[in-house]
Every structure is written in structure tokens, then in C-alpha cells.
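All chains are identified by letter, namely A, B, C and D, in their written order; residue positions are counted from 1 within each chain.
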């Protein structure tokens, strides 16, 4: 999507009330733990979040995408696209409010949160324990996040 | 203020998008640190927040209250009342979004955040280092927080 | 309620996106119709709104107040208190978003909207056709509106 | 832009508090005036809105587009693209909150509002009186609006 739109849309996602709390709280945490540990915390938090807001039983990947997007739409958490490739599944999530409120540098760890949510959803719906959701590349210029589910 | 109003107003402060992230993230943190440590983190975060959003020079307590409320109003963080007593100053903060989004139990540690903000503001405006902001009692039924500045 | 709180809470109700449209649209309408005609339009609109968002069957005035407040709370439209007096019923509505976004002068006509909503609700729940909801006095300093249901 | 994104983004623009007032108020107005008259009212309101929120002096169409988007971004009113063709200028506005809150049928008249805003901005910045902003086609599936400035 064209940068002008993405920039606008991400700007609208900034929540100044929560940035006021989260910015300093995250800085404080990062004076005690490493970025990698924060990412681990975020991933574990995402697994909890996925469990607390489960997907209903789904019979296809399309149904699963629609069910996920029902949750995301209700929460204002953006939109996801699942795509099958030989050997892996790609998960592309756009317009999560994380980057706009936490800031770009925070994405190094905050991307772990959605990684955990998708991990839990795929595990709960029967993906084998050896299938892992992992981020692919960094956050792109508009804050979109790409994960892949693979062995 | 009458409970019916407070209940309504607090309900309006709930942010479901950020509760989705913060609820599980806080649960995850609390599986690693104690409530007391979390409160310390929140207080330190509040000190950072107060430094990043300082009050202008003020010539009276009234001016300071007005300057604080300008910040709170812009952010949607509620409203504060300062009141002088012999031997201490009372700080009463209402309608912070913390309880509505983080939940009642979180107030045991989250109240430390505003404690830190007020500590930093009073220190920056010249309160002696031996004057400490400390919470007085718990959160009341409507989520209001009372602190006192005293030796 | 103390003015400081009411002022703060009303400030938070201002919606700049809709004020941008509604301010000029209302000015334009008022260059064609009188304030009294606008009030009539607003009252008729309120009757439509009450019909589209009806109250469930209620067995008492208390139940009716609770049902009304469920609607208002979900919409962020404030809070109502019903009170019985000999000869009339008082309806006090606080924290409607009308004044904060439309401005104080608009209340001369916009108060007709809630008058219509309550008229329709009382009529639908069996109040006789000779019972009319009418505003009592103007908007008070914090934007609260008082109506009475009486013959 | 892909329909899935547009649908999501438009859904997020729905404001239920203002839809509650505006839906019935517009229905009431349309029981008194024609769609064409409403469109005229909306266009005149847009001219007022453009005058109340003017653009600064601009030296190029690009500057003008940037200045317009500064206003729209601050208000959460979407994003505009100006494009020059031989004989006319195209104005494409996306993500205005009108359709999401007023509903699709209302666009027959509500599109007049932005027509008026752009008319006023171009006139104020020196476009000749014979240059008119007029809508081109209807609202597209995602609520985008296209106008052209031409003789």
C-alpha cells in the first residue's frame, strides 16, 4: 500500500493517553531486562492473549482468517492475511496499534506479542507442536508485521 | 461524587484495544516479579513520565494544580486537586484511565505511576529531597487515588 | 456536581471531527429556519431515535432508568436520573455529548432531541397521550438537561 | 486499495454516538426537503467550513495538498490527492468519516460538504470564480469521493 496512506493511518492509531504511561514504563523495564528478554515476555503475553480470546472451530484457513479479523476489527487491531506457500504459511498483519503508540524502536520486542497470539491460535486449532510462528524480517515502513508458520 | 456517575465515567475510560495487550502483558510480568517490585517499576516509570512532561514554573500551589490539570485534560487522564493541611499536602487524582483498563487488582501496583509523576513534579519545582509523595489508603470505589506529600 | 469536574468531563466529550461538519451544517440550517423550528426538528428526530432504540418492557421506573442508562452507557451519551414528585416526573440527563460538540448556543434547539427520545420512550411504555415531556429551565453550567413529564 | 482494507478502515470510522443523533436528524430533515436541497445545504456548509479552517498561502499544488492533509490528519478526516490533467484538476478524498457514520444512502447529499470545502479553498487561494468543484461519479465502494475542479 502506498506510503502516504499508511503514514496517515498509522498516525491515527497513536493513543496519547496510553503512550504517556507505556513509553516510560517500557523504558523502565528495558533498564532491567534486555530487548531479547522483553521480546520473550511479549511473546508469552501474546500466548496468554490468544488463549483468552480464542478462535472458534474453523474448517479452513479462510474461515480462520475471517474469525481472526472479526476479533481484530472489534478491537481496532488491524487486519491479517494468511497465505499458503509450499512448506510454510505466511501471516501478514497490518495496522496493529503497537508501533503508532509504542514507537518504532519498541517493535524489536513488541512484534513478539502478535507472534505469540498467532502461535497460540494455530496450536489451539490443531497445528502440530513442531510448527512455530516466527517473525520474518523487521517491521516495514508502515508498521506491517510478517510472520511465517513453519517447522 | 455519587457512585452512579463514577461508575459510568470509569466505564467510559475502558480502552479495549490496550486492555487486550496490557492485561496479558501485566500477567506475564507478574509471573516474574512481585507486586511490590511492579509498584517500584511503575513509580520509576512515573518519575520518567513527570520529567518528560514537566510543569512550567509556578508561583503558587493553585498555579501548579492548574498546570497539572492542563496536562491531564489534554491527555484525558482525569483531574487533580491539591489541598494544604498543616504538616502535609493532599493530592487527590480522579478519573485516571488506569483502573478502567488495567482492572481493580492492578491498582495495587499501578497507583505507583502517578505517585512517581507527582514526586517528580514537586521535586522539580523545588520541594526538598526529604519530601516524599506516598499513597494514602487504597483506590476508592470509583478509582480515585489519594496521595500525600510530606516528610 | 462541582464545576471543575463538569468542565473537565464536558471538555472530554468534544468531538472535533464531527464539530467540523456539524458546526457549519447547523449554521447553514439556521440561516433558513428559526431556532424554534430547529427545536421542533430536533424533537421529531428524538422521537425517531427513541423508536429505533426502544426500551425493553419495564415493571418499574427504576427498571426503566436502568434500561435507559444501559443504552446511554453503550453509546457514551451520559446518564439519566428519573425522580417522582407529586404531579410530575423529573428527568435529569447529564453528560450528553451535544453541548460539548455543538456549543452552548445550540442547546436552545438541541435540547429538543432528548426531549423527543424521552417522550417516545414514555409513550411506548404506556404513558397516556396527554403526558408530555418538556424541558425545564435551560442547560445548566455543565450541560445537564432537566425535563419533566407531566400533563 | 484492496476492498478488505477499505472495508476495515471504514468500519473503524463509524461513530455510534453521533450516528444515534445524526441518523434520525437527517431522516427528519429529508421529510421536509429534497435530496437535492440537502446537497445544497451540505455544499454551503462546506463553504463555511472551508472559510473557518482556511489553508495557509501555498506556492504550489503540492504545498496545497500537504496543507489540506495537515488539516485532515489532525481531524481524522482522511486524506486527499490532487492531480493535474489538461483542462481539469482531480481531487480524490479517501477515508472521510461521512459514509461510515451517516450511511451509504446519505452520500447522495453529504458528498456536497467536501465539494464546498474544496470550492472555498481553491477560491480563497485565487482560483477564478468560473472554476467550479463538482463531484465526479458517485461514492466508490470504499467511500472514496472524487471531485474535479474545472470550468
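Definition applied: a residue touches a chain if its C-beta (ideal position, glycine included) is under 8 Å from a C-beta of that chain, and two chains touch if they have at least 3 such contacts.
Quick caveat, the model's predicted, so the values are computed rather than measured.
Overlaying subunit A onto subunit C using CA atoms gives a rotation of 180 degrees, to the nearest 5.
Residues touching across the subunit C-subunit D interface largely coincide between the two copies, over half of the numbers being common to both. Seen from the Cα centre of subunit B, the chain whose own Cα centre is farthest off is D. Our note on geometry: subunit A versus subunit C, Cα centroid distance of 42 Å, whole angstroms.
Taking the mean of the C-alpha atoms as each chain's centre, subunit A and subunit B sit 30 Å apart.
Centres computed as Cα averages put subunit A at a distance of 34 Å from subunit D. Of all residues in subunit C, those touching 2 or more other chains are 76, listed in ascending order. Taken pairwise by the contact criterion, the protein chains form one closed cycle in which every chain touches exactly two others. Contact between chains, per the stated criterion, is found for A-B, A-D, B-C, C-D.
Across the complex, subunit A is touched by residues 1, 4-5, 8-9, 11-12, 69, 73, 76, 78-79, 81, 94-95 of subunit D.
Interface of subunit A with subunit B (complex): residues 15-18, 20-21, 23-25, 27-29, 32, 41-42, 44-46, 48-49, 52-53, 74-77, 97-98, 101, 113.
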